[in-house]
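Next come two complexes, and both contain chain A; in the first it sits with chain B, in the second with chain C.
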Partner chain A sequence: MYGFEALTFNIHGGYLEAIVRGHRAGLLTTADYNNLCQCENLDDIKMHLSATKYGSYLQNEPSPLHTTTIVEKCTLKLVDDYKHMLCQATEPMSTFLEYIRYGHMIDNVVLIVTGTLHERDVQELIEKCHPLGMFDSIATLAVAQNMRELYRLVLVDTPLAPYFSECLTSEDLDDMNIEIMRNTLYKAYLEDFYKFCQKLGGATAEIMSDLLAFEADRRAVNITINSIGTELTREDRKKLYSNFGFLYPYGHEELAICEDIDQVRGVMEKYPPYQAIFSKMSYGESQMLDKAFYEEEVRRLCLAFEQQFHYAVFFAYMRLREQEIRNLMWISECVAQNQKSRIHDSVVYMF
Partner chain B sequence: MAGAEEIEICEGGEESIEAEAKTERGDEKVLLQFLDSLDGYLTLMDSLNSKLREGWFDLASARHSMGTLRINTTLLDLKDHSASSTLQVTDQEVESLGSVHCFALSKWASKGGSGKGKDFSTVADSEMGSPRSPQLRHRGVSGEKPSDKGETTVLAADEEIKKERAKSLSVFGGLVSPKLRGAQLSFETALETLVEIANTRSSMLTAFERISKK
Partner chain C sequence: MAGQNARLNVVPTVTMLGVMKARLVGATRGHALLKKKSDALTVQFRALLKKIVTAKESMGDMMKTSSFALTEVKYVAGENVKHVVLENVKEATLKVRSRQENIAGVKLPKFDHFSEGETKNDLTAIEVLVELASLQTSFLTLDEAIKTTNRRVNALENVVKPKIENTISYIKGELDELEREDFFRLKKIQGYKRREVERQAANAKAFAEEMVLEGISMQRGISINAARSLLVGGGGEKDADIIF
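And then the complex of A and B:
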C-alpha cells in the first residue's frame, strides 16, 4: 500500500539506502567542475580528482594520461559501488539492481557482434566492454552468424533471453540489422523494467514510471533524429519506439513521419514536459538538444532523492554517476584538444 | 652610310632594351606567382588546421552523445575493402612555370568490379561546368520535373555520395548522431584542403626553382 513503506522498508533496504545517500553526497559539485574546467592538461585534471572519490582509482596511473584512461578508472568506481550494493541486497531490491545492468549488457552484446562482423579480435572487444554488462558466455557471441544462432548458442541462458522474441530472424547480421536489434532489445528491456516497477508499487512505481517514461521518450527522439536521411523506413522506425511514455501513442505516430529536426520540434512542443527543452534551441539546431535532455534527466534524478523508502534512489544514483563520468570525459577531451572555451557546451551540473 | 649604321645600332639597342624589359617582366611575373602561391599555401594551412580541430571536436561530441562503446577504434572494419577516395598525380604545363605536378582527388568513387569506379564527386562538377557550384534541391511540391538531363545527373550523383557517406559511417551503427556526420564532413573538407595544399606547394616550389636559377 502506497504511503506505508516507512513501516517496513528499513528492515531490508535501510542500510543500502543510507549507503546510496552517502555515495550521492560524494558526487562532484559545481565548485569541483569549475576547478576542473580551469585545468591546462590531463595531469592537472588527475591532480584535482585526487581530492575526490576518484582519487584512489587514478593515483597510480602514469603520465601521459589519456581521456579513455580517466573514463575507465572512474567507471571502476561506479562498478565497485554497484557491486557492493548488489551483494548486500535482498529480493526484490537485488532484481531491481540487476535490471540496471541489462542496458549495459545489450550494449556489450552489440559491441561484440559488430566487432566480430568487422573481423576484430574477440579479446580486444571484451576489453572495451562495459564492466557492468559482462556475463560468463560473452566471448561465445563471436561464433554466431545470425540472430537465431545468437539466441540459441549464447543468449538463451542470459537475462536478455526474453527480449529476443521480437528479433529472432535467420537474416545474416549486418550493420543495419544489428542497429535494429540493439533498439528492439532496448525497447523490450525498458518495457520489462517498467512492468517490474509497476508490480513493486508504491513510491518506487511512481518515481520509476516517470524516469523510465522520460528515458523512453528521449530514445524515441534520438532514434527519430538519427534515422533522418537513412534507409530506415517509417514503419521500422515506429517499431523501435517503446510502448509507454508521455509520447505514446500519438506522439510516436507523428515522430515516425518526421523528415527533419524542425518537424521533430513541432511534435515535441505539443507536450508540456518537452516544451522547455526545445525552447532552449533555435530553429534548425540540434547541437544543444543532448545537453537539454541530460539537464532535464538530471533534474528528475535529483528529485528522486527528495523522497525516502523506495528503490528509485539506486537507479538515480547510478545514472547520476554515469552523467558525472560523461562530464569528466567531456572536460578531458576539451582540455586535451585545447578547446576550453567549448567546455560549457556539454557539462551538466548536478548540485 | 654612317647614318644608316647609327640607326641600325640604335634600333639594335632599342631591341635589346626591350628584350631586357620583357625578361624582367617575366622574372617579376614568376616572383609574383611564387609570392601568391606562398600566400595561398599559408591560408590553406590555416584552413586545414581549423577544419581538423572542428573534426576532432565534432568526433568528441559524437562520443559524448552516443557513448564511448559506440564510437571507438575496435569497431573499425578490418575486412579488405577498396579506398573510398583516390588521388591521381599528373604533370601539367603551366605558363611561365613549365611542368608542375598536379594532384587530383576523386572522392567517393563507387566500388565497381573492375576497381575503376565512377567518380560521383566529379560528375556533378563536370555537368555544371564549374567546380562545386552549389545546387538547391527542391522537394517535389511544385510539380516541376527537372527536365534538364544535367540536373537529374547531379541529383543522382548527390544521392550516391550520400549513400557512400552513410556506408562509411555504418561501422559505428546504422543510426548515428548528426554530430558524427558533421565530423565526417569536416574531415572530408580537410582532405580536399590537403590536396589543394599539395597543388599549391607544387607550383610554389616550381616557381621558386625558376627564380633560383635566375
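And then the complex of A and C:
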C-alpha cells in the first residue's frame, strides 16, 4: 500500500538502502569529471581515480596503463558492490536484485551461442562475458549443437527459461537472426520485470514503471532507427517493441512504418517527454541522440533517489554506475588518443 | 692485396689467352649492364620511399579518426560490441588480390583491394592500409634486388675482372718468356753452329797446311818441322847458318 512503507521497509531493507545511498555518495561529481578531463595521460587519470572509491582497485596496476584495464577494474568494483548487496538481501529484494542482472545474462548467452556457432574456444568466450551476467552453467552453453538442445540442456534451468518460450518454436530458434533473438529476449525480460514491479506495488511500482517505460521506449526508437534500410519487415519490427511504455500502442504503430529519421522525429515529438530530447538535435543528425537519451535517463535515475523506502534506488544505482563507467571509458580513450577536444561531447554529468 | 696475386690456374697457351680475353670482354659488358640496372632500381627505390612516407602520414591520421569512431561506438553499445560484430559477420566485403608487377626487371608484388557486396561504411582507412602494405612489400623486395645487383657489380669489378686480367698478363708473360727462351735457344744454337763451322774451317786449313808441308818435306827431303819453318820462315827469323 502506498504510503505505509515507512513502517515496515526498514525491517528487511533498511540496511541495504543505507549501503546503496552510501555508494551513491561515492559517485563521481562534475568537479571530479572536470579534473579527469584535464589529465594529460592515463597515469594522471589513475592518480585522480585513486582519490575516489576506485583507488584500491587501480593502485596495483602496473603502468603503462590501458583503457580497457581501467574499465575492467571499475566494472569489478561494481560487481563486488552488487554481490555484497545481493548476499545481504532477503525476498523480495533479492529477486529484484536478480532481475537487474538478467539483461547482462541475455547478452552473455547470445555471445556464447554465436561464438559456438562460429567454433570459437569456450574459454575465450567466457572471458569476454560481462561479469554481472555470469551464471554457473554458462560453460555448458558451448556444448549444445543447436538451439533446441541448448534450450533443453541449459537454459531451462536458468531464470531466462520463460523468455525463451516467447521466442516461439524451436524451428524459429534455429533460423532466427541472432540480433532479433537478443531483442526478443530483452523484450520478454522487460515485460517480466515490469509485471514483477507492479506486483510489488507502492513507490517501487511507480518509480520502476516510469524508468522501465523510458527504457522500453528508448529501445523501440533505437530498433526503429537501426532497422531503417534493412530487411526487417514492419511486422517483425513491431514484434520487437515491448508492450508497455508511453509509446504503447499508438506510438508503436507509427514507429513501425517509419522509413527515415525525420519521420521518427515527427512521431516522437508528439510525446512531451521525448519532445525535449529531439528538439536538441537539428534536422538530419542522429549522432547526439544516444547522448541525449543517456542524459534523460540519468536525470530520471537521479530523481529516483529523492524518495525513500523503495527498491528502485538499487536499480538506479546500478544504472548510474554503468553510466559512470561509460564516462570513464570515454574520458580515458579521449586522453589516450589525444582527442581532448571531443571529450565534452559525450560525458554525461550526474550531480 | 689478394687481388694483385690472384689468378686462375690455367695452362698458358695461346688458346687460353683467347678464351681469357673473351671472358674479360663478357665481364666488362656484364659489369656495365648491371651498373645501369642498379642505377635504375635506385631511382625507383627513391620514388617508392617518397610514396611510403606520404602514405604513412595519411595512415596515421586515418587511424586516429577510425580509432575514435570505435570509441564512440563502444560508448553507445558497451565494451563487448567488438565481439558482437565479429561474431555476426559472415563474409568480408573488402578483399585483397595480389599480383606481380615488373619494375626495371624486378618482379614486385602488389596488392589490389576490391569489394564484394555493398556496404554503407567508409572504407578509406582499410584501402590506405592495403596500399601501404603493397608499397612496403615492394620496398623490401626492391631493397633485396638492389643489394644483390650491387653485390654482383662489386664482385665483377673487384674480383672477377682483376682475376681475369691477372690471368691474361700471366699468360702473356709466360708466352713472352717461352718466346724469349726460344729465341735464346736459337741464338745459342746459331753460336754453336758458327763455332762448329769455324772449327771445321780451322781444321781444314790446318790439314791443308799439313799437306803442303808434307809435300815440301817430301820434295826437299827435310823434316816436317824444317819444312814448316821454311814455309813460315819466309817472313820469320832466318837461321843464320843457312846461306840462301
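In this section, the second predicted complex is superposed on the first by the 340 of 351 C-alpha atoms of A that agree within 3 Å, B and C clash if a C-alpha of one lies under 4 Å from a C-alpha of the other, contacts with A are read in each partner's own complex, and residues count from 1 in each chain.
Here, contacts are C-beta pairs under 8 Å (C-beta built on N, C-alpha and C of every residue); 3 or more make two chains touch, one makes a residue touch a chain.
Please read these numbers as outputs of a predicted model, since none were measured by experiment.
Asker: Putting chain B and chain C on the same copy of chain A, do they fit or clash?
Answerer: After superposition on chain A, which the two structures share, chain B runs into chain C.
Asker: Is A:227 touching the first partner chain B, the second partner chain C, both, or neither of them?
Answerer: first
Asker: Report for A:326: first if it touches chain B alone, second if chain C alone, otherwise both or neither.
Answerer: both
Asker: Once the shared chain is lined up, is A:239 touching chain B (first), chain C (second), both, or neither of them?
Answerer: neither
Asker: Check the residue A:179 against both partner chains and state whether it touches chain B (first), chain C (second), both, or neither.
Answerer: both
Asker: If you stack the two complexes on chain A, which partner ends up touching A:119: first (chain B), second (chain C), both, or neither?
Answerer: first
Asker: More chain A residues touched by chain B or by chain C?
Answerer: After superposition, B is the partner touching more of chain A.
Asker: Quick one: classify A:340 as touching chain B (first), chain C (second), both or neither.
Answerer: neither
Asker: Output the chain A positions appearing in both contact lists, the one against chain B and the one against chain C.
Answerer: 68, 71, 107, 110-111, 114-115, 118, 128, 130, 178-179, 290, 326, 329-330, 333-334, 337, 339, 342, 346
Asker: Please give the residue numbers of chain C that touch chain A in the complex, ascending.
Answerer: 64, 67-68, 71-72, 74-76, 78-80, 83-84, 87-88
Asker: Given the complex with chain B, which residues does chain A contribute to the contact?
Answerer: Counting only chain A, the residues touching chain B are 68, 71, 107-108, 110-111, 114-115, 118-120, 124-125, 128-130, 175-176, 178-180, 182-183, 222-223, 225-227, 229-232, 286-287, 290, 326, 329-330, 333-334, 337, 339, 342, 345-346.
Asker: Give every residue of chain B touching chain A within the complex, in rising order.
Answerer: 53, 56-57, 60-61, 63-65, 67-70, 72, 74-79, 162, 166, 170-171, 173-179
Asker: Give every residue of chain A touching chain C within the complex, in rising order.
Answerer: 68, 71, 107, 110-111, 114-115, 117-118, 128, 130, 178-179, 290, 326, 329-330, 333-334, 337-339, 342, 346
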